[in-house]
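The structure that follows is given in the form of structure tokens.
Chain naming follows the written order as A, B and C, and within any one chain the residues start at number 1.
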Amino acid sequence: MINLIYNEQLKLLRKKRLYVIMVMIFILVSLFTYAQYKQTNELIEKMGHVNWRVQLQQKIVDTQNRLNSTNIPNDFKQTLKIQVSQQQYYLDHNIDPAAPGAPTFMRIFIENAISLLLPLLVLVIASDLVSSEYSNGTIKLLLTRPVKRWKILMSKYFALLLSISLILFCMALFSYLISGLIFGYNGWSLPMITGFKADGNTLNTTGAYTIPLWKYVVIEYGLAWFVGVVVGALTLLLSVLIRSTAAVMGIMLASLIAGAILVNMVSSWHSAKYLFMLNLQLTHYIHGTNPPITGMTLGFSLIVLLIWLVISIIFSFAIFTKQDVY
Amino acid sequence: MNKKIILIFTSISILSAFICFLGLFWAVFDKHDTIQSNKRVDHVNSEEKKNSSNTVHIVALGDSLTRGIGDDKGKGYVGDLKDMLIKKSKKKIQVTNHAIGGQTSSELLKQLKQPEVRRQLRQADIILISTGANDLFQGGAALDHLNMSYFNSIEKRYLVNAKHVYSTLRSLNSHATVFHIGLYNPFIDLEQSKLTSKMVSKWNVDNANLTRDYKKMIYVPTFDLFQLNVNDYLYSDKFHPNTKGYQLIAERVVSLIVFHEEGK
Amino acid sequence: MTLQPALTVRNLYKRMGRKDIIKGVSFDVFPGEVFGFLGPNGAGKTTTIRMIVGLIKPTSGDIFIAGHNIRTQFTKAMQQLGCIVENPELYDYLSGRENLEYFARMDRSIDKKRIEEVTKLVKLESRIHDRVKTYSLGMRQRLGIAQALLSGPKLLILDEPTNGLDPAGIHEMREFIRSLAKESQLSVLVSSHLLSEIQLLCDRVAIMTNGEVIKTDRVSSLLTTKEKVIWNVSPISKAREILQKETDVTEHLEGLITPYSEENVSLWNKKLVNKGVQVNEIKKMKPALEDLFLELTGGKKSD
């Protein structure tokens, strides 16, 4: 088995896809760092100072004023209300949720990457893992070895897990190193509040508690990892089924983007909460943002994703070990 | 060569996988000690007071008037005032506007309980407030059933709140000058103008009387500014001032501020 | 039986949808022989081969490789098998050596030395560290064979091994396959739609059409039964008259054709000469498998 995994790793590295992904992450992180830097600068210019309390209070007031305008849709209003009470909570407990520093940037980066960027990068790896063997014809060589088919697929799953972990590692490392150049490398022990519960339009803070930022970051990356694994398994299932890298990419891309769009408009379509792509924003639960559909919780989303994961693993193994190769 | 790279990548991946899994585990199973209040507040405050001597801190509170609703430029009298002060004074002017459209006096009282608002008020050199208009007019909705007895009950309630507001401000900050922007009558051109004007005047007089009990607290009249040609100074909603209207209010407040600074 | 067949195929069926595309194929391949698998495109050769190598699951029937049933002893059976199915598709972003290492890693019984051995065997030493991307088709084919020989199999399966090679390459490949069979007692199963290919390469042949094996025999015995004689004579009409009394005659570009029979040819010749026909040439012709094939399948209309 270790030999098989080694083989998969060899192919991934020699195909240079991993390097491409690393370069992509590097570029994107640099871009985001610059954007963040610009934004901070503009704030300083506008507000005349960088006291986060003033900024946050200003944000609260701004949002409250927005709430007063009549032409905001109701569900958006709810989100805003929850945002306000959360910001107020941070303010009341004298905790800056966006204290500048590389760890904060890491947190913001993964929160933004979890629903689209990370799945896309996973997609690049996973879509190729099985279907490229079909399109190159090498599957014939692979399956005529004295190795059972399930072991071959299993080695691909392991390679996928390793790649996802590597992607997250690169995201964490690059965002830490690059953003640290500008924002400084400190702030790991900063307290963060989590455990908010959004009930309709109120924020339930009874379960709230603080954890140090490093733990918060680890938790968020853990959730992102899980999202990556689910997306990867789904992609692998598709590539076992369809055997064409391009088609797999197309389908997964379409559903991910559909998810990103749907998140903003499905509040009244309740059964949509069972779609995997609406459950990708796991970090929102840690953060305490209003979920796309009321009633969705971290537990719910994790279970939905887990079911998708298990189903795609079962199906991909069942199909891969049975199917005829022409 | 190949082998080394693969082994390095793989071990990094495995390490990362473990960390991520730990994170996932924490996300699912970890519940923590409830929130601990942070003790840094006071220490930060003293720190900030020191470096604020060269700037004028202005904190604005209140309703849509202070927010600046109706001004096409989005500045409101607070923004105009800031611009005028920058021209006049060499000091740095720093404005924080906490006004919320539609706020009533009791809502203002609630806002005054927020620690961050209190913290900023403590540091303020000038405090601007506007409140009462929403108590009285309720955004114009009260126009239909206005009568004196109703007015009296509202005013009574308001004055209690206002007193509370003033004493809170003074207890937080005894050195800042407080400007309370008075009411004008947006309905002066409407049929019940006699009644509404009477109400607004009485309201202003009673409120101004109340401010006299406090030091460095000025009730800024605006009734006269809008008395003539009210429509020239009102926004299309016929309730909020327009850009010109805000300019008038700002000019009046600025003249008071300059006077005050010289007097110092 | 002293020899255990390297490959035994028994009653193999494959059903696709409602149609049987392989209808009860059975044959054996013995150690040291090159076995040809002959049939037109679409006859089911490739499907049968893919079933033998485990890529397609048979609907029914059994396949034994060196005595191991591929259904129940898949890994043991596969250890005795080396194959190239259709084109030798290798990982072209890896070097030849890396490809061999890659496949060696998938089978614990292969040791490092074996990689050098097979490289030498297929004469790829000079280019083994280059990327497969840069290889010519012939080199790829050789690397494919090296890969197939890696585990020291008892059975080598080559699907259309000379497809796309130039004449020199074809000749080389043929020699190579023959020497493999001879020197290491390897059984080789070769499929082809080219009859000349099989004729030159194989000891025995199974002729397949429409998903059935219609004949399995030694190539030499198949051929001797169908030898012919070409008569280059003039005048043709007179000669035909004479020969028609003796045997079947067909007309041909070069003259007349009759079946070959050792004792009669000289007799017929004497008769022709006696009757004043000028006999320029009598040519014995080994038949091409084409004729054989047409003969075997011609009568049957595919349904």
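Throughout what follows, a residue touches a chain if its C-beta (ideal position, glycine included) is under 8 Å from a C-beta of that chain, and two chains touch if they have at least 3 such contacts.
Keep in mind that what you see is a predicted model, and the values were worked out from it rather than measured.
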(request) Going by C-alpha centroids, which chain is farthest from subunit A? Tell me that one. (result) C
(message) Can you check which chain pair, A-B or A-C, has more C-beta pairs in contact?
(response) A-B
(message) Distance between subunit B and subunit C based on Cα centroids, please, to the nearest Å.
(response) 93
(request) Could you put a whole-Å number on the gap between the CA centroids of subunit A and subunit B? (result) 39
(message) Based only on mean CA positions, could you tell me how far subunit A sits from subunit C in angstrom?
(response) 56
(message) Among all residues of subunit A, which ones touch two or more of the remaining chains?
(response) 6, 10, 14
(message) Could you pull out the residues of subunit B that touch at least 2 other chains?
(response) 2
(request) Provide the list of subunit C residues touching at least two other chains, using ranges where the numbers run on. (result) 98
(message) With touch defined as at the start, can you tell me which subunit B residues reach subunit A in the complex?
(response) 2, 5-6, 9-10, 12-17, 19-28, 30-38, 40-41, 44, 48, 55, 67, 92, 94, 96-102, 114-117, 119-120
(request) Over in the complex, which subunit A residues touch subunit C? Could you list them? (result) 3-4, 6-7, 10-11, 14-15, 136-138, 140-148, 322, 324-326
(request) Going by the contact rule at the top, pick out the subunit A residues touching subunit B in the complex. (result) 5-6, 9-10, 13-14, 18, 48-49, 51, 53-54, 56-58, 61, 64-65, 68-69, 88, 91-95, 161-166, 168-169, 172, 191, 193, 195, 208-211, 215, 218-226, 282, 286, 298-299, 302
(message) Show me the residue ranges of subunit C that touch subunit A in the complex, using the header's touch definition.
(response) 50, 53-57, 74-79, 81, 83, 85-87, 89-94, 98, 102-103, 105-107, 147, 151
